[in-house]
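Quick heads-up: structures coming right below.
Across the two complexes that follow, chain A remains constant while its partner is chain B and subsequently chain C.
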Partner chain A sequence: MIKSIRKDLFYVESIQAMEPGYAVLKTSLPEIENPFLRTILVIEKALTSHTKTKDWFDTIVDADLFCSITDGDVGFINQRSQIRTVLSQNANHNTVLVTEQCDNLCKFCSQPPKKIDDEWLMVQAAMAVCAYQTDAAVGISGGEPTLKRQQFINFLKTIQTYSPQTPLHVLTNGRSFSDVSFVNSVYDATKGMNVTFGIPIYAIDCDVHDELVGANGAFKDTLKGLINAGNTGLNIELRVIPTRDNLDNLAGVIELAVRCLSNIVQVSVMNLEPTGWAKKNWSELYVDPREYQEVLRNALSVAKIASLPIKLFNYPLCHLDEDNRKYAVKSISDWKNYYPEECESCILKTECSGYFTSSKGKYHQIARRLL
Partner chain B sequence: MKAKLTLAAMLPGFLSLSSSAETTLTHIEITEENTGGLVLAPLNVNTPLYIAGHRSHSSHGSHGSHRSSAGSSSGYTPPKKKAPISNYDTLGQPSVPKYVAPANTVVNIKALSKTARILLVKRVQIAMFLLGKYDGVIDGVMGPSTRKALANYRYSKGLGSSAVIDANVLNSLGVPAP
Partner chain C sequence: MNLLPFNFERLDNGDYFLTNCAGYFTTLSKESLLHLVDDDNELSSEVLTKLKQGFFVSKEDSYESAVGAISSGLAKKISGELAFNPCFMIVPTLQCDHSCKYCQVSRAPLGQSQFDLDQQSIPEIVDMIKKLGSPPYKIEIQGGEPLVRFDLVEQIHSEAINKLGKNNFEFVVATSLSLLDEDVLLWAKANDNVCFSVSLDGDEVVHNSNRILHSGNSFDLAIRGIRIINETLGPGRVATVTTVTKSLLNSPQSIIDVHLNLDLHDMFVRPISPYGFASKNVKVEYTQSDYEVFYRTLWDLLKSINSGGERLVEHSALIHATRILNPNYSQYADLKSPSGLLLNCILFNFDGKIFGSDEARMLQRVLPSVDFSIGTIKEPKMLVNELHTRILQDSFNLVHVGCETCAFQPYCGTDPCQNISVQGEPVGDKSKSAYCGYHKNMFKFLVQEYLYDGVTKNMIDGWLND
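Entry: the complex of A and B
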């Protein structure tokens, strides 16, 4: 078992009796009830001074959890007596899941969709963001968050009302934005807030894109969506994952962003993550970064000429040529991030993204000599 | 020196040109048909800086770094303000196990303290709003519109048609019981 940088899942026997769902985790005695979520007081060891004084919060004793959280973090309790810290001040980035349903079926989906009624996920996610009251960005992930349009608008409106200072980063396939009236509603529901939409487009050839995302007509919807969202004034982070199928489209996608789209705040080129369906299709999709340094160089130069910010995600620095390295960011979320033993003596370790904890066995590309 | 004089002399001409251009533009009618259901890129509706006479110096700061080369013909429109782009991979989050609702317990709303009751009703109102089932005020009061929405919601979920808050409805909405 590979150990991640930050542990986020804790087994606490005494929560067996508690209902599943989100809760505010306090390390100090809570004074007022949180308006959105129930409260749980987490204490290091059972002390008489910490005995329960109010009936609206539960108390759990767990030293491990106590040491890993900050007062006011939000956790998710599952029915296996586990607490996962979802919104934490100790995390390098926080994300909430709003649905597990999607209208695309991407070959490399890291979170394969499920056809179950999960309306409550979006309700609880909104409550969690409002309860947390942070001014650090929170990621909104799925599934496809905009699938149920009215609910997504209401989700944004709720945060706009109760926690407008929280910047949001929404991951969407952008297909819903092909509808102009929906884009306008989203624009209104995010007024006064700082929101970016991370929208992936994998190719400039519609067949290649549709094949990768497993949905006919997806390219047309997403491109229309990108045009509408950008021209309406929504911030867009354009995402692209190089695979064997779309590698020759990479520079083209950047040029499309430069010439045809507005309000692109960043282009993110992302290395494949060996999880979910990407594992199943790994041999078909994955290309060793060594094979496409020149392709990356071209794509980066297109963005550079137009002053379009571009970043490389999830690439260990030793897998990149020296001139491409300056675009790489330390991108992997801490709860699924690790550095193998051979990285210990590396001079670039502190700047390097390292590896996903799922990168092992045949999915693992060993660390290389820095050239 | 000569060039400067000529430019200054041409300024009134430029101004009249730009004003006549504006009037011709307004005659083009933009309809759904000729845009194919797309939002067109915003035109520069504000007076350009070189005509406005550089009145506001504060506006320069935000424009300074966007383009490295003058005369770049790229269509890239720089964003107005700093947007939250995470340098983290927000893709992928641990799968959430299926929600298993615990057995129904009776929630005696009347037994709750006043503040607890308002809080609970507020949470129910927000949850119903999020699901698109309620569009009234979030005030924590069990008024007629809240009751109606609650009854409709219960009916749509097969929980009867009363307007009662019980554990069934709280579980269904994802609201923790008090």
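Entry: the complex of A and C
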């Protein structure tokens, strides 16, 4: 296993007995109960001065975990006696998972959906955000967060009431937004907050999009959803992943954003991430960025001329032509980010996104000379 | 395949330029165009992909999506063009030391102080700017020659600093620079939001034959002023406007030389205004095709200069290209639909009247029987004068006869004041419209150059990416 920049998963034998779900992790003695989540005191060594003094929190002893968290972080305990730091001051991005169900089955899904009843996840996620009380952005991801519409509205309203200062970035396929009344409800439930919806559209050709997302009729819904959401005033980050199947649609997607869609705050062109189903479809989907620098250049220019902000995500700088590099951002979340040995001597390392830890073996594209 | 609505225009090389109401464009050979209309099975997959991505055709099952997309595009375009984002023009005086032969009625001889703005109204004007606009405010001082009453210009500026905040507005003074003196320079030096806009019509002979100054040499004073501004205030503080008259037609090189000799790297070249009042005193100067020949030569010169590494931007071309390539660009009042009247301009005239454009105040002088104003500074009536609502309502070129089938309609605009002046009503017969002739030719010329000439493409892309 390649080591990531920040470790986020810890095995702690003593939590075996604890209920799965979110908890506030304290490194100092908790004085008041958190109104949203249970509290766990994390201590480095079993010392008498830190013994449990109240019955409303648990205590766990783990030096590794203690050193990796900041007082007040939120962790998630699973059924395998593991604890994952989900909302952490030490992380460069914080994301909560609100469901594992989805109505698309994308060929490159990094978090393949499960057909299980997981309503409790969204309720707990709302509690986690409210318990954490941050004014830094929190990512909301799935599955498809808007699949159960009323539940999603409740989720937003809870945060709107108890933590309106927390900016949210919601990853959604946008299909639910084809229903204008749902868009209006979302608009109301996010009023006074800073919320952006990251919505991917992979092609202008409906067959290409539907094939990539594994759902007939998805294009129709997503396009209508984008139009409705933008016209209603929801902020949209438009996302697109270039693959062998949709490369010739990339400029078209950017022009759609420029000419037909409103309220697009950013377009994000994302390099394929070798995680989840992208692995099994890798050879079918992945195109070496060297093959499409000109396509990128044209797409970037269409956006630039119309003053539409556009960014390239997850591209090691050495995989881009020099003039395209200025659009690249250091984007990979620290818990799944690493730099192979050959990057050590690179002059651009500090500005570079580096690699996904999952990009090993046949998925790894070697670092190249900067030209 | 389902066909979606589009307009088309034959280009000089025999290809066709296609556009739709969302502003998408593409080109097709004549053969492909016929296939598209008669039997799209004959189209190559490459051409079909191009057409589908611009929503010119769609598959049966995504027809509804395609219609949704272009409808949304049209709505986006119209709501952008309807945005109220005015440039605030103020005329402190009509007095002018020049008596130019094509002057658009907006001058009075020196010494006639009845053509000056009442100083007391300046605070009210700035209050109104604050109320109507939003930062960054654009304020443009027109004339007459505004520097005849530099005291008023200075007062407007300081009032704006107090009420709008010194970093919240641009301040452009349209002047011949003949009266530029130490006081004006010191003032401009102390206020870096002040810029000058100067007419520069050609070399000495050409410029002075248009710009008649009895007290001196207009050309000498203009270039001396530009030099001093560049030297003492630094680059970017003075811009030029070139009105092409007959005497410049045969020497496009001269206007380029004048700019480069002054180290000016931006120019704005336009034909003489066809307004009734501008051409009244001047016999019809030249035809549209004369201008076209002139502009083509100018363009070739620009290409060789820019590809040789020296930057020289021609802003008329840049505005037309931006209209095609950037659907969010609606800031240029003279090239948009609906018209920029009121939406893009509020003009405070010396006599206390308010107008919706510079042309409207000129119309007022030649057609005194109709009230073209939107009230006075004391008593504004923005929404009361029905004339404006009617003119604006009738200025959507999408539904103008002649425009509705034009391939350049999504990028073009309307000029109701010109139509009233020349044809007596705001829509106008486009076959007789100088506005149509000029802009359609510019679009067609630039489209051909941009899409088929690599040097032009590089040059325009370079300008756009500045």
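Keep this in mind: the second predicted complex is superposed on the first by the 371 of 371 C-alpha atoms of A that agree within 3 Å, B and C clash if a C-alpha of one lies under 4 Å from a C-alpha of the other, contacts with A are read in each partner's own complex, and residues count from 1 in each chain.
Heads up, the rule we're going with is that contacts are C-beta pairs under 8 Å (C-beta built on N, C-alpha and C of every residue); 3 or more make two chains touch, one makes a residue touch a chain.
A quick note: this is a predicted structure, and the numbers were derived from the prediction, not measured.
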{"item": "First, second, both or neither for A:227, with chain B first and chain C second", "value": "both"}
{"item": "Comparing the two partners chain B and chain C, which touches a greater set of residues in chain A", "value": "B"}
{"item": "First, second, both or neither for A:38, with chain B first and chain C second", "value": "first"}
{"item": "Touching partner for A:314 - first (chain B), second (chain C), both, neither", "value": "first"}
{"item": "First, second, both or neither for A:11, with chain B first and chain C second", "value": "neither"}
{"item": "Chain B versus chain C as contact partner of A:123, first or second or both or neither", "value": "first"}
{"item": "Common interface residues of chain A - those touching chain B in one complex and chain C in the other", "value": "224, 227, 231, 258-262, 305-307"}
{"item": "Interfacial residue positions of chain C with respect to chain A in the complex", "value": "22-24, 49, 52-54, 59, 61-62, 64-65, 68-70, 72-73, 75-77, 322, 325-328, 461, 464-465"}
{"item": "Chain C partner contacts - residues on chain A that touch it in the complex", "value": "204-207, 219-220, 223-224, 227, 231, 248-249, 251-252, 255-256, 258-262, 301, 304-307"}
{"item": "Complex interface listing, chain A residues touching chain B", "value": "9, 19-21, 23, 33, 35-38, 56, 76, 78-80, 84, 92-93, 95-97, 100, 110-111, 116, 118-124, 126-127, 137, 139, 141, 148, 150-151, 154-155, 157-158, 161, 167-169, 171, 178, 180, 183, 194-196, 198, 224, 227-228, 230-233, 235, 237, 257-266, 268, 270, 273, 275-276, 305-308, 311, 313-314, 329-333, 336"}
{"item": "Chain B - residues contacting chain A, complex", "value": "37-42, 65-69, 72, 74-100, 102, 115-116, 119, 122-123, 126-127, 129-132, 138, 171-178"}
